[in-house]
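Chains here go by letter, A, B, C and D, matching the order in which they are written, and residues are numbered from 1 within each.
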Amino acid sequence: MTTSQGIPAAVSDVRAAGGTLGVAVIGTGRMGADHVRRINEVISGARVAAVVDVDADRVRSVADGVEGAVPYTDPAAAMHDPDVHAVLIASPGPAHEAALLTAFEHDLPVLCEKPLTPDPGSALRVMAAEQRLGHRRVQVGFMRRYDADYLKLKDLLSRRSYGRTLLLHHKHRNADTPPGFSNAMMIHDSLVHEVDVTRWLLDEEITAVRVFRPAPTTHAPARLSDPQLILFETAAGQIVDTELFVNCGFGYQVRCEAVCEDGTATIGDEHGVHVNAAGRWGGDITPGFVERFEAAYDRQVQRWVDATRRGETEGPSAWDGYAAAAVCEAGVAAQTTGERVEVRMIERPAFYG
Amino acid sequence: MTTSQGIPAAVSDVRAAGGTLGVAVIGTGRMGADHVRRINEVISGARVAAVVDVDADRVRSVADGVEGAVPYTDPAAAMHDPDVHAVLIASPGPAHEAALLTAFEHDLPVLCEKPLTPDPGSALRVMAAEQRLGHRRVQVGFMRRYDADYLKLKDLLSRRSYGRTLLLHHKHRNADTPPGFSNAMMIHDSLVHEVDVTRWLLDEEITAVRVFRPAPTTHAPARLSDPQLILFETAAGQIVDTELFVNCGFGYQVRCEAVCEDGTATIGDEHGVHVNAAGRWGGDITPGFVERFEAAYDRQVQRWVDATRRGETEGPSAWDGYAAAAVCEAGVAAQTTGERVEVRMIERPAFYG
Amino acid sequence: MTTSQGIPAAVSDVRAAGGTLGVAVIGTGRMGADHVRRINEVISGARVAAVVDVDADRVRSVADGVEGAVPYTDPAAAMHDPDVHAVLIASPGPAHEAALLTAFEHDLPVLCEKPLTPDPGSALRVMAAEQRLGHRRVQVGFMRRYDADYLKLKDLLSRRSYGRTLLLHHKHRNADTPPGFSNAMMIHDSLVHEVDVTRWLLDEEITAVRVFRPAPTTHAPARLSDPQLILFETAAGQIVDTELFVNCGFGYQVRCEAVCEDGTATIGDEHGVHVNAAGRWGGDITPGFVERFEAAYDRQVQRWVDATRRGETEGPSAWDGYAAAAVCEAGVAAQTTGERVEVRMIERPAFYG
Amino acid sequence: MTTSQGIPAAVSDVRAAGGTLGVAVIGTGRMGADHVRRINEVISGARVAAVVDVDADRVRSVADGVEGAVPYTDPAAAMHDPDVHAVLIASPGPAHEAALLTAFEHDLPVLCEKPLTPDPGSALRVMAAEQRLGHRRVQVGFMRRYDADYLKLKDLLSRRSYGRTLLLHHKHRNADTPPGFSNAMMIHDSLVHEVDVTRWLLDEEITAVRVFRPAPTTHAPARLSDPQLILFETAAGQIVDTELFVNCGFGYQVRCEAVCEDGTATIGDEHGVHVNAAGRWGGDITPGFVERFEAAYDRQVQRWVDATRRGETEGPSAWDGYAAAAVCEAGVAAQTTGERVEVRMIERPAFYG
């Protein structure tokens, strides 16, 4: 389905359509609805051409608010729509594999919200299909890679401004958790971000995981072990600790300190408006991840739109989605057994260079 | 030229054109070129339909890089182009009045880089023309009003979170100045931002200005009195001081502390990446205003595009541009005489209520 | 009364007494009582030999708590006590001149709480008497010169680490004021500290003063103009601004930013314990000057004891006390008239090198 | 040797001697010499009565500089000196046991630099001897308990201001290490401080230790595993991590964040003088522990002097010294084996309640 110039058919269509990328957004939950708004109002060069949800009433109501957006209940039907040049998958994780394989059939570029798929096996199937296609089509939604502070930290570490990186200290705090939040979700939904930024910042694979579970806060639901302290080992012998505290009550904080041979660099300290009042100095803590990472989400989607219009795929790949799934699988095992669990991964295919 | 619905003709054209706003960018210097890039790559819902500069080679070269942009050397010709629905003026200040009056003839919405015009007299003529039009068409480019931190500070002060505001302390520092930078430019080009944010934050007019000139830094060009300390009085009896230091050497810093009855609130402190290395802790200072206010510029233009597509004009008005010109005129007089100089302004027209 | 070695008789007595300095503390109000405790419990090499207050009951009660301290109601009687080797004056300002002159008669070293005396005329008489004595005997209690942060700032400026100093920005905030606090006391009791640290940090005399009085906070007592903004000019053409806000409500803050040719240096930012809780980050604001400057008071008295035991006098001199009185006199005039008022001072006597 | 009032003979002697405590300082290395200076110049109510070192030349030279200090080469001889009322032990760790037992024979109060003794067995012998004496005589030199910031943090946690404490994150960084610094010294000399403050802040015993050793910095000497990440478990199920990085190159940093159910509290962030210069903002990092904890050392010795003069012993006890030795023993085992090692301790004797 790729033209002779190596530009996929969909992208040729874009050019014919005056250069505006028609995007099908699959899933209209919190993240999906937010992406519809973002593409409609913030992102240059793209428009919402289709909205997909199994809930017919819900999808019609979302589509009604967006000029030119056609509602669908079947992802495959949306991907047949000639106005659809690219797909943004924001449906629940278990539905990702089918949507991705369908998108590959149409050779459509995909921005897939994390996780790529919920487990390493399904991630490997997605990677195999993408490799059969012969070119990358999936960008995984690890949006911290687009956060301005993380980008600066990545740049410092890549240039070895302060020598080799020896340790990373992560902190990941949420005010509270939705009903039904489980220990496994602490790994799959929360820690997965530290899994990805660790791999990306250090440019090393994570080789083993340990999970330590202190006596929990009384503010956590029954059976949720909160906070947890997770240790990663990397292939290069680095140690990475993460404090995961998802019922901390006071707000949302994401911090990272990289300890290098000649210095340390920290991101995530509070800033903005400082107040002196009533015997205290300080400021507000960000209430949630939307406020903290709004600009990163925008930048992520904009970069994806720009690359897609150029006929390219960049950003976190299916390999990154698979690696995250593999580390999370080990993480859940480490959490359950209390032991060090080695991460098992296939060799990196040359395709994902 | 306005349709019966009160929506200007140009905006009706926009709707016919599929909703994308065609913008003529007048002036292709540093700010103009940056706005061309912004509209082309960042802003949703707009495109560069025309580029204008008296330098024919320069304008052709800028237009060549932007799909669908037509080069013009005459602003009036560009405004006749049916693909032009709105005008962004980024030419030198003395050229603003003519461009604004022409835009009014076509009833085109305008985002006009500060200053509105270089002096109160010409600003009054622009205001008179806009009032004859019967509706607002000009938004002045005071982009600090779109900066996230200033917006939070404005919100705190408007809600009187800490009582009435008594004092403001501004700091405005640049690493260095371009050749030919003069004492009057310290007022017209630099202080003008503090003039506008003071009026906006306090919702009061500035009534008098004093300028204090300490022994200058040896890093300033001959005859430039740098730094300067400027004092404003407001109609409500507030005192506002500004340190203006435009050859400070170390980077760009814009800070503001509001001193209220029950607390103070400060913006502009450094944040981002902190480093410990070589016996020092700290971070990088923003090198210039583009980095510091990039997001504010984007937000300003996006809001203008959005409002224009709705057929509305909001943001800093010609009245705000006039007020800034009046205060700057008093500021230059205060700087020259060393005396307290009262600001002379007309009564605020109800039109700008 | 000085021995042939240039060591005063009192100090010879100290050596005979085993090296422990016997101090008479004159005045047992808040500051005096605090100094009695400090000498008794904190300061090495000194003891309270006498306590003096016109209130006989009060002085007896204070002396009862300190081993070896003899109560007196007459400063002159205390200074005749052979166990008294040095005098710390903490009585009200108007009583200082008499106590100082008596101390000179006994050639006793004096640590005199600020102000040296309440006005330039009386300060000049004290200086004349000290000069007749032929050697310095008075150290004035400007304890900020002993604060660790101010000492570091002084060191940076003296070494011209960032070039010449162009501006100083002071902030001086108190939670509230005692009953009867007047506009003149804003100058004499509060601003006097900025007068002294300005002279000390810049090593220049203050040549003129202006006082600006914004619309006052509603938390200030009737007739108290609070906050005030004070501008100093120095002999070298530097400009120094001070925000004085003594009913700010939220705590005690003393800050200073020095703006130099190649950088700025700031002291007085909050530190200590940071807390994240309840949607806010930050820490406690120091409740008052005792907590903020406790260590400076200790260091001041310790240095005075050490120097006195060596037979020397150092630290802020009577000249510094006189200069402060002269600037405050101009300050009150500037406050009253609203005009720039030049500071009138005698030439600095060579004696005070 | 205790008088009928429960006040030791030595303290009765102090009273007879006019209340000044005569201290024998044993050991004149870096810490010993610093304590001599401190007692001589800073501490109120005490004097150096004897200095002890096996190096006769060295001890004579130290004693020469201090009025009234008698040099000894034998600790027992110094403790026989009737002018010696108390002992400060700053000799190498292996010499502590003998000196402590001799001090008990004379019932002399002791401030013993850490470690109490180098291993749990010898610490138990010291505790047994002290218990035979029937009252506490030893205060161990864990001076962080006297640091102003740690004291505030301790107060917050004790009052449960933010609920129960769940985690502690320690960072302990030194610029570099002296020749011969070994992995075991990382535990015994560096980590021992985190051992003590953890026990003190949480008021819980440490029950198990793990040591993780990432690929080391190239700046560490051969065979030194630097940095290390150490995990403690407490009896209450809390997890405590410590980054120990003793060749970090950039200075000295000691930080602690307590993560509680309703908030976190952090100490050890930099403060003091902030500078803007050369494109960077920030400040100096403390070069070493002396500068960081100078005031804590002073406060520690002053409190010990004050308590001793009252006939009391307070502060860290021999039990605290023993517990630190027991945890360090487990720490070295954990470091060597790479396994979790349980801490073995006797039951806390009621004597140390």
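The definition used in the following text is that contacts are C-beta pairs under 8 Å (C-beta built on N, C-alpha and C of every residue); 3 or more make two chains touch, one makes a residue touch a chain.
As the structure is a prediction and not an experimental result, all values here were calculated from the model.
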item: Pair sharing more residue contacts (C-beta pairs) when C-D is set against A-C; value: C-D
item: Chain whose average C-alpha position is farthest from chain C's own; value: A
item: Length of the line joining the C-alpha centres of chain A and chain C, rounded to whole Å; value: 60
item: Chain A-chain D separation of Cα centroids, rounded to whole Å; value: 47
item: Chain C and chain D, separation of their C-alpha mean positions in angstrom; value: 37
item: Where chain B touches two or more other chains, by residue; value: 248-250, 262-264, 270, 274-278
item: Complex contact set, residues of chain B against chain D; value: 248-251, 253, 270, 274-285, 287
item: Contact footprint of chain B on chain A as seen in their complex; value: 19, 40-45, 67, 148-149, 152-153, 156, 162, 262-267, 269-278, 295, 302, 306
item: In the complex, chain B residues that touch chain C; value: 163-164, 166-167, 169, 212-219, 227, 229, 231, 236-239, 241, 243, 245, 248-250, 259, 261-264
